[in-house]
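Two complexes follow with chain A in common, the first pairing it with chain B and the second with chain C.
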Partner chain A sequence: MINISLLMIMVATALGLVWLRNLLAVVMFSGIFSLTAASLWVVLGAVDVAFTEASVGAGIATVLGLASLALTRTEHEKRTRVFHLPALIVVLVTGAALIYGTLDMPGWGDPDAPIHTHVAPRYIEDSLAETGVPNIVTSVLASYRGFDTLGETTVIFTAGVGVLVLLGRGRRYPVANPRVAAGGGPGRAPAAPGSEGAAVPGDSGEMRFKAILRVGGKLLIPPILLFAFYTQAHGELGPGGGFQAGVIFASAFILYALLFGVPMARAVAPASVLRGTLALGVLIYAGVGIAGVLLGGNYLDYSVLAHDPVHGQELGIILIELGVGITVASAMMTVFFVFAGQDPQQVD
Partner chain B sequence: MISVHQPILQIVLPLMAAPICVILRNAFAGWLLALLVTGGAFVASLILLVHVVNEGPVSYAIGGWPPPWGIEYRVDGLSAFVLVTVAAIGFLSMIFARRSVEAEVAADRGYLFYTMYLLCFTGLMGIPVTGDAFNLFVFLEISSLSSYVLISLGTDRRALTAAFRYLIMGTLGATFYVLGIGLLYMVTGTLNIADLAARVPEMTHIRTVQMALAFLTVGLGLKLALFPLHLWLPNAYAFAPTVVTVFLAATATKVAVYALIRIAYTMFGGPTMFAVMPIDEVLVGFGLLSMIVGALAAVWQTNVKRLLAFSSISQIGYMVLGLGLADVTGLAGAVVHIFNHAMIKAILFMAVGCIIFRIGSADLRDIRGFAKPMPITAACVVVGGLSLVGAPLTLGFITKWLLLQGALDRNWWWVAVVIVAASLLALVYVWRLIAAAYLHPPSERVAAVREAPAPMLLALVALTVATVVIAIDGSLIGDFAVVTAKQLLGSGE
Partner chain C sequence: MVAVLLDGLSWLCLVAGVLAALIGGIGLLRLPDVFSRMHAAGLIDTLAAGLIIVGLVLQSPSWTVAVKLILIIVFILFTSPTATHALARAALHGRVLPWLGDRSSPSEGAPSSKA
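Take a look at the complex of A and B:
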């Protein structure tokens, strides 16, 4: 029953997303969509996924959406053709294919379904003994399929560096036509230095007189940071881990930037440091793998890291989760600062 | 003699070089690192290919977890072959790159350019070696994300729109791919490709499996720019920095073709699946359309980069056609064309890179008569162009020969007619290039330039000589492709 009502909310939100033309509302609705999805994952028992969806989908993605709206200084989508028949047909065909594909799927919750009988039993029965980690999701993510997680961390790293490349200042260097340089194309971030900042959320000017927000926010930041560390360390035992912890950690900085201005937050986390940590996390993760090779195991085999294989597994998982946390936090902060500041520090 | 860890190290070392590049913050150091790492990967992949051909497939359990619980790297003849192709082009592009990148990418972005290049290289190398369907997706994402950024670095502002369009199409493709994998996981409970290969061919009647193949094919179709999913490609290749165009045009779509072969043949059992769901005939149809539409569009282009980009769409059509023919010779044609087209397009785009570096334009009218001041570049264009057409004694001829045989084996003479027609169209657009080089007197601007710098020429000439040498004894690569095709088809019986 809860499932169905949550699903209905998601459908309604999705339809709303399609109809709305106000981009601020679109960002809000997609936040709601993610939050509802997160609730659905909780009900389905996938708490780790729910945690990630809530912190990434509903949390940081919404903040980044708002930041980019502030940059483009428009709240309305450019009206193009409202009705696009080929697009509708493609969407309908895809949807129909998906539904057709699920006709033969195993029944919901069927204990004999292949996903429960083939690979999963070993994870469920032996992961505690093999890795010493009670949270099965963490042991699969960090050890059994740890190489995928290294890849995902690299994706986050790529995204962070990509934003640096694209939105850092002075990216087009020989500009032949000064009119083009000054005007900026439609949908492009303003290129002229000094013109940005005023409309950015978190510019100190906006928030200067909001004492309640500032004091309240100040009070919130330490618990958020503490919660981030808890999530980082607790990933072995319950839902949590580097991805979520990194996002939560970054959100404390983003909150600080919103309340006290990007330059103040920048003083705490300078561009050069963030760039370093962005790279460091990936290096820690990949380096743990190399350590495994040097100690005589396969790549990312943590068992050889300590005298006892299970201790080695635990140590390896803690280390790589740390790498994930560092890179994710740095990437999120980099993306936000670059969006919010169009920061001159980025390229010096 | 190879190290046990070789399959993984040639992926992980380039991966680690990328963050190191960010820390170094120096374009020259970044370039040097990229050169060393790609060079190392090239040598390693060559050794691996020889090893695999002589002693059979290599398997490596990452994390020490046996498949299907852990992620497996599995290198057979086909994957080692694609690996060598990617690594060779990746390495030669780096030899070629330094001056070209200096000229086209802002100096303070240089180190980030090489970071992105290394990530893209890692992603494309990771796809052929992996034996895990989801791991393939992860590396597809690494390579795609970094290619969007690399394309957007082009000097022309239109590079941004081109990159954005590619981002939208590429993300759609990735989503379709992951949907397909999800559907397969639902009915098999595994992500390991060998494990899937043991289960999926017996499930061909299940609608979930059929839709999985449909989603995977469309997703990869977007990535490999099969008509009508090709719209992102021409502008992306035309406006990207030259080095990026060389590397991506030669490798990215080819790796997607590899993934499609791996999925359709190894995972779904090829003909077994096609008997239930005629994806092969669909692929033949769209392959032929790609060949003709791409070639027709190429004929009308005035910008050489765009001309070659449209020619890529046409050439991808040949590969997909071979894949769809689903017999030994056809499939061998597709396999051999992965390599051939990678080499040929790298030669031609590198030559264009040399021309742009010296003359500053890629417009056919601006570069008339460039053979006079740049004779070596022009000679390489001729060799590459003839190979593209499929003239006898060139690499391209091997492909066309195998494909023609494949079509005739299936008694599809009309397919053979289209192959010949597309080759004639290729002759037209290649002729326009050669005519521009030799048949016009150089303008003052063109006559004043010099031959391209030595490192750029070195990479270009090395590739050209390699294609000629390989083409002289074409049976070597042809036989290898036939053996590989037999293995692929054998796994489906």
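Take a look at the complex of A and C:
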């Protein structure tokens, strides 16, 4: 019942996404879509996936969407009402093929489904004894499927590097650019680092009205950071892990940037440091694999890292989760800072 | 006895919270402009969410769950007024003036709120 209502909300949101022409509303709707998907996954018992979807899809993707909208127009051009018959046929045929494909899928919750008879029983029965990690999702993600996760981390690293290469050049130090203070708009000079709330001429009224936002936000930043560390450390025992923790950690910095301006946030997390940590996370991950090879095991085989194979597995999982967290946090911050540091005039 | 009392109290909170959410939802659709709609949304944000969570705290099986739920209440009480404040400020900044009940408005549903 609740599944069906959540699915209906998702369908309605998806239709709204297609129909709306205001891009701001589209970003908001995609956030709602992600949040509904996350709720659906909680209902289905996939708590880790739900956590990732909520933090990445509903959280940081929305913020990044808004940041990119700040650089472009928020209205899509008027819809052209053209009836395109070949497109309709292609869509209908593809949809029919997909639905036909689902007919061969096993029933929901069928114990004889291939996914339940292949490797899943091994994970469920042996993963605690083999890795010492109670959360099966974490042991599968970090140990059994360590290669896949290394690939995912590299994808995020590559995305961060790509954004830096494409957009970060020449405008890496927005302190020199008076127009980029987030939330301030044109003509608002960024405050010097360290002199928080330093009155910029003609800006005192703005500062006064921002007081509630700033105090409220400031109160939230420490709990958000603490929660990020908790998520990172708790990934072995419950839902959580490097991906979610990195995103939550980055969101604290993004909140700071939104409240106090990008230059202030960049003073806390300079571009040079972020570029270093972006690579450091992947380096830690790949380095754990190399360490395994040097100690006589296979690549990303953690069992040889300590005297006891189970301890080695635990150590390896903690280390690579740390690497994932560092890379994800740096990549998200880099993307946001580069987007927010763009000059809208130059983009136009 | 205590269990029945707690259960009843919890259900009272849950039903009251759901009612508050319903009223807030109707207000969100029916009220004329951004600011009064925000007032309706505030009802959902604070009263409805608070009552529902208090009802769940009374239902919670262990102390850890109860503490986590209370932390969520604290988080909501910090964030939603701040968010509402930011929204109102953004609306004022975008030159949206409050609806002052002009009688020339064409329909009772949504008179123009732009200045």
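Things to note:
As a convention for this text, the second predicted complex is superposed on the first by the 285 of 348 C-alpha atoms of A that agree within 3 Å, B and C clash if a C-alpha of one lies under 4 Å from a C-alpha of the other, contacts with A are read in each partner's own complex, and residues count from 1 in each chain.
FYI, a contact is a pair of C-beta atoms (placed from the backbone, for glycine too) under 8 Å apart; a residue touches a chain by one contact, two chains touch by 3 or more.
No experiment lies behind these values; they were computed from the predicted model shown.
Annotation: superposed three-chain arrangement on chain A; chain B versus chain C shows no clash, the two fitting side by side. Contacts of A:32 after superposition: neither chain B nor chain C is touched.
Once the two complexes are laid over each other on the shared chain, residue contacts for A:217 go to chain C alone; chain B is not touched.
Of the two partner chains placed around the shared chain by superposition, neither chain B nor chain C is touched by A:20. Legend: residue contacts after superposition of the two complexes on their common chain; A:128 is shown touching neither chain B nor chain C. In the superposed model, A:155 makes contact with chain B only, not with chain C.
Applying the stated contact rule after C-alpha superposition, one finds that A:47 touches neither chain B nor chain C.
Touched residues of chain A were counted for both chain B and chain C, and B has more of them. With chain A used as the common frame, the shortest Cα distance separating chain B from chain C works out to 33 Å. Residue ranges of chain A in contact with chain C, taken from their complex: 209, 212-213, 216-217, 219-220, 223.
Looking at the complex, you find that chain C touches chain A at residues 75, 78-79, 81-82, 85-86, 89. Against chain B, in their complex, chain A makes its touches with residues 97-98, 100-106, 113-120, 122-123, 143-148, 150-152, 154-155, 157-159, 161-162, 164-166, 168, 170-174, 180, 185, 188, 275-276, 278-280, 282-283, 286-287, 289-290, 292-293, 297-303, 347.
Those residues of chain B that touch chain A in the complex are listed here as 5, 8-9, 12, 15-16, 18-20, 22-23, 25, 60-65, 68-71, 106-109, 112-113, 115-116, 119, 122, 126, 132, 134-135, 138-139, 141-142, 145-146, 148-149, 152-153, 155, 157, 160, 179, 183, 185-191, 206-212, 214-215.
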